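Below are structures written as structure tokens.
In the two complexes that follow, subunit A is the common piece, with subunit B as its partner first and subunit C second.
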Partner chain A sequence: MFAYIARRLGVLFVILFGSSYILYNLAAISGDPLEALRTSREPNAAQQIITLTRELNLDVPPPLRYFIWLRGILGIFVGSPDFGEARTGQQVSEMIALAIPTTLRLVAGATVIAIVLGISIGIITALRQYSRFDYAMTFVAFLLFSLPIFWVAVLLKEFLAIQFNNFLSNPTISPPWLIGLSLFSGIFWAAILSGDRKRVLVVFSGVTIANAALLQVLSVTQWFADPGFGPIILFLLSIGVAFLVTHLSTGINNQAALRSSIAMAVLTLVLYYPNQWLFEVDAKKVVFPLMVLTLFVVAATVPLLFSRIDRGPIIRTSILSAFIMGLLTVVDKLMQTWRPYMETDAVYYRPVPTFGQTNALLEPGNFWMTFLDLLVHLFLPTTALLLISFAGYVRFSRGTLLEVLNQDYIRTARAKGLTERTVIMRHAFRNTMIPLTTIMVVDFAGIIGGAIITERIFGWFGMGTLFNQAINSLDLNLLMGVFFITAFLAVTANLVADLLYSALDPRIRAVSRSK
Partner chain B sequence: MARIKNEKPNENVTQGGENAIQNKEIEGLSQGQIVRRRFVRHKAAMTSVFVLLFLIIAVFTSLEMKLGPFRWRGWWQFKYDELLELRTEGCPEGIVGCPTLDAVPSFIDGTPMGLGRHPFGQDDIGRDYFAMVMRGAQRSIYVMVVIGFLAAAIGTVVGAISGYFRGWVDAVLMRFTDFIITIPSIIIGSVVGYHFGNLGVGFLAFYLGLFAWTGLSRLVRGEFLKLRELEFVDAARVAGASNRRIIFKHILPNAVGVIIVSVTLLMSGAILLETALSYLGFGVVAPDVSLGSLISQYQDSFTTRPWLFWYPGIFIITIALSINFIGDGLRDAFDPRQRRRLTKKDKERARAQAKIAAQND
Partner chain C sequence: MKVTRKVRFAIAATAAAGLVAGLVGPAQAAPKTTVSIVQSNALTGLNPSVTNMNLTFNVDVAYLSGIGFNYYNNKATLIDNTVLGTYKVVSQKPFKVQYKVNPGRVWSDGTPINGVDLLLSHITSTAQYSVIAGLGDPGDSDVTPVFDSLGYGGIYDEHIVGLPQLSADKMSVTYEFDAAIPDWRLVAPGVAPVHTLVLMAEGKTKLQSVAANNAARDKFLKYFNTYNKKALGAIGKLWSTAYTINKVDSSTNPLLLVGNGPFMVKTAVPNGAVTMVRNPRYNSGPKVKSLKTVVFKVIGDGTAAAQALKNGEVDVYAGQPTADAVALLKSMAPAVKVIGGDQAIYEHIDLRVGPAYGTQGSYNGPFAGMSQQAVDLRTAFLLAYPREEIMEKIIKPINSSAQLMNSLMVFPSEPSYKEIISKSGVSKFTAGTQAERTAKALALVKKYYPNAAAGSGSVKVKLLFGQPSNTRRVAQAALAKAELAKAGFDLDTTPTSGWSSFLSDSKFDAAFFAWVKSAAFQSGNVGTYETQANDYGYSNKTIDAIYKELGAKPLSAAEVTARFLKVDQELIKDAVTLPIFQHPAANGVSAKLQGVNPSPFSPNLVWNVWDWYFTDK
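Up next, the complex of A and B:
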């Protein structure tokens, strides 16, 4: 095992060396950084050419100049890597250090949501193979595969930002929209839930009518102008969460698990007002982690009251429910901030922006305002990235689950009389997650350098922008710096994925050389 | 004859159930015939084939083309770079060059259906947008096909050689593949496109193709590693076939399914890559147009003149979507484990046959 990792690391460095060498030369021969100066008529052009040539070592041919750059990078081993200076005079390492958090903020949320949504829908389509829902989702996935992101982004700007802002200035849902949305959700749920024709019809009409009523109430009460759950609705939602999580995690028949999840929901209600007070306390850096810690400790101890045997799954269920309920509480707090946020001068009733990372005019100081501001700025780019990457997860998890469901051990599990829930969640789903995990690791690394177009459209200043800038100004140091980080993450992620695979799947041993 | 055969009670039906129906369907057919049949049955894929063929023929015959001494006068009246007078009649107040395409029949809105003078409208300096979109689609399809074929050729050869010979050849080739894979395709595209974009679209496509083969070569290698251990390869070797002959005549035809499917999907990725590069300004550059550069140029006019934005996008999506569906159809067709989903009719027929068989016993 140790030898295997060592060998892989060795190969990793060879690969990094080789690909950076290829890229360096490719970039160096493809343009002349002095071109603008050579044709310029400035009196000191000749002087500038000499200075630049010396600074960038342009008198050394690229295949050798690469090693000057490499020497700086190799400083990593003595603790002081030198990525060189960009042509603007800034240190490349500083520029990258500034850009990475921005890119992470942009892509992390989108990736996580894409993974959760993609896998859930993929699994539903696999369980309902060849149903209408399956066909519809296949079509949607292929459609999303075929969408250019820059095209989607313009549409999102128009419909989710400009039109949605118009809607928010007078949040009344017009009848066509009301009918359309209700019908859509009715069809969606009826398609997911299988059964005979009667059951489908009941589900369809029930969901449609309930949805129409809900939207009508929201529209009449102008809920969108001043959203929020309030303690009662939050409690009802938490009860729903308790049942859903228990059903998926241990099965509804497990009374202890159900009781402890419901206890969590009750706690959510009881602690509603204390939470509101804690949210407003200034020392966020101390109070927030404490609240999260308390949440986990309570969620882990309460189930002990309800059960003496087989506590593991019950504690797991309870923690999962408590976590989701905590999120709901935070969402509720954000919703309460919505109206004051809209009323500030900086926003002035046009909350969804089409451009930029933050609203510079917003007064700093209020934690929740700043947080909400961050979220609304993330809204459009995240949606765009989500639409593009989510289809891949749907297709992949569907394919993997179908493959797993054909295995003999699934038949065995069914044959020995396990419930369908146990077969799906414990035997099939867990095995589906093995290849998915490795894909996620690789995706996450690749995405650091991959949001070039999105960043440009939405005016974010991350790794993609740096890269763009490097190409346009023929800035070799900057280009190589960005590339080095991206490539390093990519190859490391590949290694981690392989190790993870062998750790998760005992059939695969890391030491075996070829697959 | 076929009908009579179907009605004859079959021993298999009673025993094998669903499998038997399908086994009988492919009785006596060659592998190629089976694949073709499966593909033709895939409705979405067949529709896509027709849509794509229609689109390609329409797009490439629409404009004037010169090929050496041959000169094709396109069926469309304008050129893509022709400056025309901006049309104002029939447009809403303050807007010029609106599209004349009327896809609504006359019994609904009173005006007859038809293309009109400028079906897709005009751009801000009066060029006919239909001609520009046609030109852009030509460029994009051209790039896509070149990338697809080049990547298919390189990827197959590299993958075949490293999978067949294994050992150090494999190690060297696969490490080289790893080098290329590490460099994100959009970086390669941008570096290449930025500097070679002005050399014409052919150059761009060629260079992109040089870097697009990596995924395919890994797949082909895996396939070869599996196939080279099978008996038919030993048989060929015993019969005295050379390595080249074994690779290209014996193993490759067996791996062709994987290759075709992967190349189709690669092509749909290629058209998106080309449009993305052109959008960033690294791909096809002015005065030539591509679907991506059109969108990039006119994205700000979405609120005032949305047709400048919609039409190129719809073309990209249609092309990429049809290719994706064709790829899906091909994958299903080549997959030996793939079973056709039985319709109710099939099952009823099988049941009836089983009953007859049971009565005869």
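Up next, the complex of A and C:
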């Protein structure tokens, strides 16, 4: 094993330095950094050419200049790597250190949601192969697959930001929109909830009518201008959550679980006003963790009142319900912040932004405003990335699970009388995860490399933007810095993926290959 | 009667309701006082005079936070800022210019501005001073001088004599030059809060009292007059590096933010927005009309910037000058208006006459030399060059009011343009239709290549014009190739990576690219065609003499025009070059924002921020 890893690391270095040498020279001959000065009529252009030549070592030919750069990088081995200075005078290492968190913030949320949603939908479609739901999801997946991100982003900005902001100035839904939206959601849910014709019709008409009614109420009350649940609706939603979570977690027949979940809903209602007060206290760093802690402690102890036996699943159900109800309370608080947020000078009644990470004009100090500001800025890029990447996970997990389900050991598992739940979750799902894990690891390296287009469109200054800037301004130090980090992560991620693969799948042993 | 009364009542009720609604409605009515401007790259520093720091964003921020003796307006005219002070020639022989600061002008920390604040500019633009003070030789190819300035080697550096002399009351400074330099107004010294540099060099991190500031400034004067290497070394290091910051918040040393401009940096998010607020003590320049805050926001992508403009997140966007981008901005009317214009950059086609001045080797291409054949072939090439088509197809979609440029000396917007083109003989290249001109060109080519015909490719011409990724240039080259083929030319239009380093390479027979003007020098573009500066081996004694004259002493406008006309005549007679177009600009501006009037020179958009205001419609 050790020899194998050592050999892989050796190859890693050869790849890194070989490719960086090639890239450096290609980039160096791709343009002339002195172009602007050569075409300038500035009287001291000649002096400026001397200066720039000195700064960028342009008098050294690129194949040799590479080693000037390399000398800085090799400082890694003595603990002080020097990535050099970008043409903008900043340290490349500082620029990258600033860019990586930005990129992570941009893509991490979208990737996690895409993985969770994608895999769960992929599994359901595989289990219900060739059902209406499967066809619907296949259609959606291929549709999303074929959308280029720059186009999706432009559309999202037009409809979810510009038009939505226009709509907010008079938030009443016109009849055509009301009918259209209701019909669409009716068709959507009818396609997803499979069943016989009668059931589909019931679902379709039910959803359509319910939606129309809801939208009409929201429209008449101008809810979008000043949204919020209020204690009553929050309580009703919590009851719904209690039933749903119990149904999924233990089955609705488990009376103790249902009761403790409902108790959580009642607590949510009772604590509504105290929570509002706590949300506004100053010492948020102390109070918020305490609130979270209290939530979990209460959720874990209340079920003890309802049951003496088999407490594990009940506690689990209760905690899950309480967590979701807590989230709903936070969402309610954010909705209450919506109107004051819109009314600030910084936002000026156009709350959904099309670019950037924060609103620079927003006065700092108000936690909820800042939080909401962060969320609205994440909204469009996350949605765009989610739409694009989610489809891949759906298709991949569906295909893998279908393949696994046809394996002999699944038939064996069924033959020996295991429940379907055990067969799927223990035998099939875990084996499905093996190839998915490796994909996720490699994806991670890709994430750091930056979503060049996405970052550019949404004005986020991450790794992709740096890369783009480096190419456009012929900034070799910056380009090589970004490349080096990205390539290093990509190669390392591949190694990690291989090792994980062998760890997860006993049939593959890395050692055997090193012989 | 009843009906009327009802109607009246209804009107009154509606009006009352409207009034009430107006009173309780959202406070959207007041015009905005915050303007948001798009920048395409991030801020990298607050001192754009440092090497590498001369980027649009840095220049804009520095322009708003510090104002000097003059600035360019939208007509490329240099406007004197008489609020700050005055300047005049006080002696012709020796040539002396005096700059006088008006009393009562203050920095944003309350310190009065005086003549000492002008002296830093001498250090950062005089190589000689740097050498004498032991701060490094800017001409050295290995060692960076302590004041890592962009200013060395300019007109000022070339002509300044000795140290600037401070008057007894310290309010004026007199500069002596070795000749009557015509562009003396352009070398006006910048004003800089030198006391902040001294204080920072002493380790101060807070604003000091006016008395302490004055004392620090006196120290600077002493260092300056005595070439104090140690003290100036520390100050130079700060000047070159301390302003290279992309983050400004409450922890930033306030001494770095002291200025005399209308706005001062309040916050800067790394790689993000920069917020500038009014300088409460501002009294060094034009009155600010109504803006209270200027925010620069970074958006690299053109479509994204246009959509942000539509969404009201930004108010001004100096757009990418492409037809698509302009069409997108125009589609957003009436919320957005497109303000077009010309930049001080002009595209032109050059033909090689010989090897570049000072290079080895020879040039034997079709255009070599001044023989009748070479002149005829060059004339034929320029006749068949489809300048009008390029204009119509490539430039007009961006700026519909753009004009074909016919003088290499002046832009169409300049007053002398009409006179010059009517007499320069350029009509030879503009008369008739393109088809007629191409036919004439073919006839000329046939004189030397009897077999020449449309598509014969008799004369092989290798063209240099730009990066393969520059789609506008590639399109121009394609149009040129097609039209020139009709006159018997075979144009090799392979784009070149790193094209600008081949400008003096005799491999290329012709080149089209753009010259970038940065200021309105008296010598104009004449220097480009002077023997020693010419990459195309063109040498003309008349032009060389005129260049010398224009650089020797200030001339009247009529005298300058006469010389420009002569140069244009020579260039056209020898058929070595023709201008094509001025690079277009396209700015998207929120319909509510008034007063935006971009200048062709840097800082193009924000030069008159003080005049901007919002209407509430």
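As a convention for this text, the second predicted complex is superposed on the first by the 369 of 515 C-alpha atoms of A that agree within 3 Å, B and C clash if a C-alpha of one lies under 4 Å from a C-alpha of the other, contacts with A are read in each partner's own complex, and residues count from 1 in each chain.
In this text, contacts are C-beta pairs under 8 Å (C-beta built on N, C-alpha and C of every residue); 3 or more make two chains touch, one makes a residue touch a chain.
Since the structure is predicted, the reported quantities are computational estimates derived from the model, not experimental observations.
Asker: Would you sort A:Gly459 into first (subunit B), second (subunit C), both or neither based on which partner it touches?
Answerer: A:Gly459 sits against subunit C, while subunit B stays out of touch.
Asker: A:Arg54 in the overlay: touching subunit B, subunit C, both, or neither? Say first, second, both or neither.
Answerer: Only subunit C; A:Arg54 stays clear of subunit B.
Asker: With the two structures laid over each other on chain A, which partner does A:Arg38 touch: subunit B (first), subunit C (second), both, or neither?
Answerer: second
Asker: Who wins on subunit A residues touched, subunit B or subunit C?
Answerer: Between subunit B and subunit C, the winner on subunit A residue contacts is C.
Asker: What is the contact status of A:Val154 with respect to subunit B (first) and subunit C (second): first, second, both, or neither?
Answerer: Both subunit B and subunit C are touched by A:Val154.
Asker: After lining up the shared chain so the two structures overlap, which partner does A:Arg87 touch, if you call subunit B first and subunit C second: first, second, both or neither?
Answerer: After superposing on A, A:Arg87 lies in contact with subunit C but is clear of subunit B.
Asker: Scan A:Phe229 for contacts with subunit B and subunit C and give back first, second, both or neither.
Answerer: Touch partners of A:Phe229: none, neither subunit B nor subunit C.
Asker: Identify the partner contact of A:Asn468: answer first if only subunit B is touched, second if only subunit C is, both if each is, neither if none is.
Answerer: So A:Asn468 meets both subunit B and subunit C here.
Asker: Contact-wise, after the overlay, does A:Thr486 reach subunit B, subunit C, both or neither (first, second, both, neither)?
Answerer: A:Thr486 sits against subunit B, while subunit C stays out of touch.
Asker: Could you tell me if A:Asp345 is touching subunit B, subunit C, both of them or neither one (first, second, both, neither)?
Answerer: second
Asker: What part of subunit A is shared between its subunit B contacts and its subunit C contacts?
Answerer: 30-31, 150, 154, 157-158, 162, 456, 468
Asker: Which part of subunit A faces subunit C closely enough to touch in the complex?
Answerer: The contact residues of subunit A facing subunit C are 29-32, 34-36, 38-44, 46-48, 50-55, 59, 87-90, 98-99, 102, 150, 154, 157-158, 161-162, 165, 343, 345, 348-350, 352-358, 360-361, 456-459, 461, 465, 468-469.
Asker: Show me the residue ranges of subunit B that touch subunit A in the complex, using the header's touch definition.
Answerer: 44, 175-176, 178-180, 182-184, 186-188, 190-192, 194-196, 222, 225, 268, 272, 275-276, 279-280, 282, 292, 295-296, 299, 302-303, 309, 313, 316-317, 320-321, 324-325, 328, 341
Asker: Quick check: in the complex, which residue numbers of subunit A touch subunit B?
Answerer: So the residues of subunit A in touch with subunit B come to 11, 14-16, 18-19, 22-23, 26-27, 30-31, 130, 138-139, 142-143, 145-151, 154, 157-158, 162, 446, 449-450, 452-453, 456, 467-468, 471-472, 479, 483, 486-487, 490-491, 514-515.
Asker: Residues of subunit C touching subunit A in their complex?
Answerer: So the residues of subunit C in touch with subunit A come to 26, 28, 32, 34, 41-42, 44-45, 50-53, 55, 127, 138-142, 144, 150-155, 157-158, 244, 246, 267, 269-275, 293, 295, 297-301, 303-304, 307-308, 310-313, 467, 497-501, 503, 513-519, 521, 525, 527-528.
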